[in-house]
Amino acid sequence: MFRQLLGRLGIFLLSLVAASFAIFVITQALPGDVAAVILGHGATPEQLAAKRAELGTDRPFLVQYLEWVTAMLGGDFGRSWFSHLPVTTLMAPRLGVTGSLVSGGLLLAVLIALPLGAVAALRRRQWPGLLTSATAQVGMAIPAFWAGIILVFVFGVLLRWLPPNGYVPLGRDPGRWASHLVLPVVTLGVIQAAVLVRYVRSAFLEVLAEDYYRTARSIGWTKWRALSRHGIRNASLSLVTVLGLQLASVIVGAIVIERVFVLPGLGSLLLDAVATNDLVVVRGITMVLVFAVLLINAAVDISYVLIDPRLRAREAS
Amino acid sequence: MKRAELWVGLALVTAVVAMALVSFVWTPFDATAVGSGPRLQSPGLPHVLGTDHMGIDIFSRILVGARSALYVGIIAVGIAALVGVPLGILAAWLPRWGAEAMMRATDVAYAFPALLLAILLAAVFGASTETAMVAIGIATIPAFIRVTRAGALSVLASDYVLAARAAGTPAPAIAVRHVLPNVAHLIGVQASVSFAMAILAEAALSYLGLGTPPTVPSWGRMLGDAQTYLFGHPTQALWPGLAIAAAVLGFNLVGDGLRDFLDPKLREVA
Amino acid sequence: MSLFEVEHLTRVYATGRRRVLALDDVSLTVERGQRLGIVGESGSGKSTLIRLMASLDKPTSGTVRFDGRVVSGVPERDLGFLRASVQLVLQDPRSSLNPRMRVGSIVAEPLRSPLIRRERRQVDQRARVREVLDAVGLPADSADRYPHEFSGGQRQRIAIARALAPSPEVLIADEAVSALDVSVRAQVLNLLMGLVDDLGLTLLFVSHDLAVVRHVCPDAVVMQAGRIVESGPTQRLFSAPEHPYTARLVAAIPAFRSRS
Amino acid sequence: TGAGQQAPAPSGAPTAGATSAAPAPAPEETRTLVIGATAEPQTLDPTATDAAAGPQALLYNVYETLVRLDAAGDLKPLLAQAWDVTPDRLTYTFRLNPAAQFSDGTPVDAEAVAKNIERIQTGTTAPKLKNQMEVVVGTEVVDATTLDVTLSRPSVTWLFDMAGAAGIVMNPEGFDAAGSETAGSGPLTLDRWTPGDSIALKRNDAYWGTPARFDEVTFRYFKDPNAMNASMLSGQLDIISNLQAPETIDQFSDEGRFTIIEGSTEGEVTMAINNGAAPEGVPAGTGNPALQDVRVRKAITMAIDRRALLDTVWHGKGTLIGSMSVPTDPYYEDLADLHPYDPEEAKRLLAEAGHENLTLRLRPPTLPYATKAAQFIASQLGAVGITVQVEELQFPRQWIDTAMTNADYDLTIVSHVEPRDVATYANPAYYWRYDNPAVQEAVRKAGEGTIEEYTTEMRNAARIIAEDAASVWLFALPNLVVTKEGVTGVAENANSSLSFDVTTIAKA
Amino acid sequence: MSAPASNGLLQVRDLTVAFGRHAPVVRGLDLDVAPGQRLGIIGESGSGKTVTALAIMGLLPDNARVTGSIRLDGQELVGLSDRQLSRVRGDTMSMIFQEPMTALDPTMTAGRQVAEAFRLHRDRDAGRARSAVLEMLGAVGFDDPARIADSYPHQLSGGQRQRVVTAMALVNRPELVICDEPTTALDVTVQATVLRVLDEVLDAVGAGCLFISHDLAVVSQLCSDVVVMLDGEAVERGTADRVFNEPQHPYAAGLVATARLDLLEPGTRLPTVADHVRGAR
């Protein structure tokens, strides 16, 4: 077990290095002079040269990369080119926003998708199953931002049940925090649930085709109880993988949702930084998002060991 | 039932393709002439679906937009398949450590979902349809590698490949004669699903202003533009939204239908 | 000189951190024209042995000689003589035929191999395909059809036809009838024995079914856990097994019994 | 012009000793004002960048200047009660209001003002502000409330600039943390900044002048006009500071709930034409040589129906202009009909110039109005036989790099929001690449002359470039403000200070 | 064909099973098993043996259409709901499947899976279930039942797993056990052990048995009576001795002939079904 964890950690670190390098290469490929963009028009050549030196863009590529990485290890993601604020300062208050949105969305997606996926699998020839599958298909085909805008229109503007957009930190007012998150979480969760239902369905369908499921029924479990006793655990093996992959798309989906609902999260910071070409910020946020995804992947791998005794035992021998 | 799924999907995809083809020879109005008609008209005659904020006939624009949708999908999926499939087959052939390294690399690549990569590339190289397509294509490569490798592994482990090797068939011939045809359906399924994803991703990018420029009739762009007028002119957002949903649904259904149709295991489930 | 000479063959599979000793210092000779059975439980190393003999895999140590020439660990391009002379018939007729190739192409595949063509010169592929299909008792129009259009027994005939196409000297049958119904099994076995007789082939017949091996092969080796524990005339192995494992194997064969 | 909209209460600029003047409003209920805005500040230091966002929220509200611009665009005292100028127009003497104090209680003295001027010149401040402050050669603290400022040459614009971000008087204690904290002397102070969402200001209880009417003023930022409209429609906002999608203005037509104010801004939406000048020391532009012919430029101007364009692109809101000048400029002259829409004449001019088959690259930045206008212009120029290839440039980086810095374009479209920017035509290195000694002379004279000379010479320059068709001035951007019923005192026009001045605003 | 005896344990009448819109794969099948009787079903692959077994257990997929009558202890099973059937399954009747490697849930210990069957129908008490499980595991030939009970399926060999499955099927002492080729996937030596254990436990429990196999020798060892199926129909039935020694139907005759390799001279041509069927069908 310990060796397995160690090996996984090694892979995780290697992946981080690879990912950070990729991000750095891409963000360094910027055509044109960064200093000119930062200073805006009207800057003198001296001002430009000074800026270049300040940014370090006049040094060799690898040196810049290594500096970036070492600084990051010390928690320093650099300073925004424009606001001159540390990137960590910019990101810190936004982590909570994106975190609430992503975890809320994922939770909702799972809560919706698990039962519906089971229905879609077990009742796949009757109307409840067909209806669920069809609804999921349609749900998957709807652009998330479109769904969000329509929710804003209906619940925010027409009915005025919920605030159409904006954010209130949890610490300031929990009630308003929740009311502001309802629409975005529902949008993200429902759309992701539609995707998830398919996976849950096919994971359950696979279980239904397994001999042990038939064995379970042969000793007297009903369809549903056999599925809940023997299905969920086994299906979760493949579902955990899917959830890991799904999380990546939930995080990315959050970028769009944050824009629709004007949530001050990492996604909107990323988009703002993209709009202003603040590549230090873009780089920092991308790194954090990718870090999160890789971390989840590692967690998923480790959770297999916990779920599947076959893997656990392999370590023992 | 499975067939129904496939048929509905095929019908939708055919409709999209037909729209794209028709748009080459005929559109009711010029799909790019700005200010030629009254703006923000409701559906009626002669503008069947109304006009947009620039006074362009929406129906014409929807027709031409089908081209963009297909274009985005074809290029993105094309990149992903052209790179991913050979790499996938190679990964199946490589010795353990080589394959392991390659799969770990795809894991890292998986950490850059299409939208994130597109945003990153847009930040650096500027937003355009091409950037979006390339980003979506690159981000989809790992999916193709995985699918192809999984398929190729089982093909390579099969007895008919063993028999072919015993019959002295060289490796490239095995790849072409045995592996490719037997993973083609998996690739087809993946392509179909990725196609749908590409269309959705392009729409999201256009909404964020990082995708197709406004001059090019694209459903994603139309939807992005139309949402500004949603409160006053809801039908503006309806048509491109429906078009996207229909195309995505079509490709997803085709993919799923193919999968269920081709996977005997799922067909015979108890 | 024996046709096959196998010396101290060892094969270790490494999967993850586990190492499986699939073949443990096996030595064996096969004479020209011999019909040799290889029996043993699942996992005893039978398939590994014949894969190495056909040089489809590299041994961890030891050598395989065919017709006096070393074939183990030799690059593929130098194996023309082996590929032209040794052909395989595998267990599952469903998985040993590429479902997306027509029967004609399947059977012609060995003929298209550059290695085999170098050895066997050019042959008229279409004619040869017709010939071997006929030899295994399949109608000539089979060539244009796909494997799934055939029954299990017919598919195994296709596999045999493919093996016969390059006019090999040696036929290796790895559990060639194990996946077949008893009734179909009889037909295929009859065909196989007939062809081996008519063409004077050497036959390596792998099976876990001792009754079948006794019927088909005059000689046999018994494998257990990667080792050959006993070898000799099949009749003797049955009537007077020397190794306790052989004895257990023989005793376990289900026999018809009357219950009333 | 804006008098009708003026708040009934006195403006935030206090009279001497006004500290105890107005009684504080009843404290029971927090009085809040929420303003929807588009561009969010990157930093709380309005002098760090030349972006409009910082001054919009903070200038006059949190930070004060020696002098301020009122709603009519006139200079009024603020921190300086009065000021004198020497006859040679080189030395300004400011007399500070002795009551003025920063939010931490320290007085706003001459020393502090001098430090701020020095900071603009030498600190990490925006190049634009440095350029504005460049004429200052020295400051002298006469006493605590008297400051002399000496210029190198007479300047008409300097004092105006001092009413903007360049003139901000920041508590010198707060220089170092200016990016994330405020240290002003205004009626409001920073409550909290939620990047990506809002800036909340609260009442400065120690304000030295007329106290603020609101306990809390929040600027909320929206990238997406639709989201801003949704917020307004659902009652979350009191004011939309500037409606970005004019087509959506009909949503606020319910007069019982909303008031729409249509004012003007200093922004000219301009289609730049690459005039092809190649001054020394500047990267050679790559404009189509045909554009050096004034007939071609006139033809392009006359081929575009700007009224229809305004209707399409900006919902008919805004003013048609004929040169680089907006109606609020003192030197404004209506030249909108100088080259009227006349496609036939345009074709004739093109034929005369021998350019019947012209192909031009129109490279707009990726901004909504620019791309929309580009589409429109492309089809109109097409009608007179000019083939237009629209190639978008990502804004800002790619556009600045390509169009602005390297003049690698034939036509491009951008809104110029800087006040009084006719002067840019006097700079041949500017991306217009327009080189006309007459204009250069006029602008120089204007800068150094008296107010009257300034007005005459600037009008002159604007007229010359218009006759030269140096660019196509499409329209002047309107200032479209939407307020909730009961909100009064919002300035009609946006002025060059860039401030969204809430001190004049009241809410019923 | 002799009329089957009535009032037995299991009575199948005119059983017909079809999938979707396809032609029926079991057609008008009659079967009878008396208490304690062992009935073998033989027939080539695809003749409908498994489908018959699943039909009796009520485990066919949704798209299967079952008509006819299946009575267990006089209770009609056709038309019962899943819930009603689940009370019978694992209690009065149970089933042992072909593939021991996949029949057990990989994420649960063997003991727990056997205990599940017990607790579901007999006694919810965990302690009593445990002792019943250990006793049953002992009965299927394990020397150290406790260790086996605490093992996960992957830690057991194929033969061991098949015995665990057997224990699951028999722990509630059902009246009818259906075995679908329980040893086909096993090695001969293991097969011999499992068959011996099965024989003993069935005797000990006194259960009736429906034993499906295509290995005639195995059937002859375990069963007193035999039904031969061909294309979904029973073409021959009788005592095992009679069917194996004097098969009537040509197909049955062919089947028996090809199976009796032990009666042939090595190297000679094998008799095939076709030899027998040719004239008759």
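Structural remarks
First chain written, first letter: the chains are A, B, C, D and E, and each begins at residue 1.
One rule holds in what follows: contacts are C-beta pairs under 8 Å (C-beta built on N, C-alpha and C of every residue); 3 or more make two chains touch, one makes a residue touch a chain.
Being a predicted model, the structure only gives us computed values, none of them experimental.
Common partners of chain B and chain D, by the touch rule above, are A. Steps from chain D to chain E, taking the shortest chain of touch contacts, total 2. Here B-C and A-D were compared by C-beta pairs in contact; the pair with more is A-D.
Computed from the mean C-alpha positions, the centre of chain A lies at a distance of 50 Å from the centre of chain E. Taking the mean of the C-alpha atoms as each chain's centre, chain C and chain D sit 88 Å apart.
Per-chain CA centroids place chain C at a distance of 33 Å from chain E. In whole angstrom, the spacing between the mean C-alpha positions of chain B and chain E is 50. Of all residues in chain E, those touching 2 or more other chains are 59, listed in ascending order. Residues of chain B in contact with at least two other chains: 122, 209, 227, 230-231, 268-270.
Counting partners per residue, chain D has 226, 230, 233, 397-398 as the residues that reach two or more other chains.
By the touch rule above, chain E contacts chain A in their complex via residues 57, 59, 62-63, 82-83, 86-91, 94-95, 97, 99, 102-108, 113, 116-117, 120-121, 152, 154-155, 165, 168-169. Per the touch definition, chain D reaches chain A in the complex via residues 40-43, 48-50, 124, 126-128, 131, 179-180, 194-198, 220-224, 226-227, 230-231, 233-236, 396-398, 400-401, 404-405. For chain B in complex with chain A, the residues that touch the partner chain are 1, 104-105, 107-108, 110-116, 119-125, 196, 200, 203-204, 207-210, 220, 223, 227, 230-231, 234, 237, 241, 244-249, 252-253, 256, 265-266, 268-270.
Residues of chain A touching chain B in their complex: 11, 14-15, 18-19, 22-23, 26-27, 29-31, 125, 130, 137-138, 140-146, 149-150, 153, 157, 198, 202, 205-206, 208-209, 213-214, 245, 248-249, 251-253, 255-256, 259, 270-271, 273-275, 277, 279, 282, 286, 289-290, 293-294, 297. Residues 32-36, 39-40, 53-55, 122, 126-128, 209, 213-215, 227-232 of chain B are the ones touching chain D in the complex.
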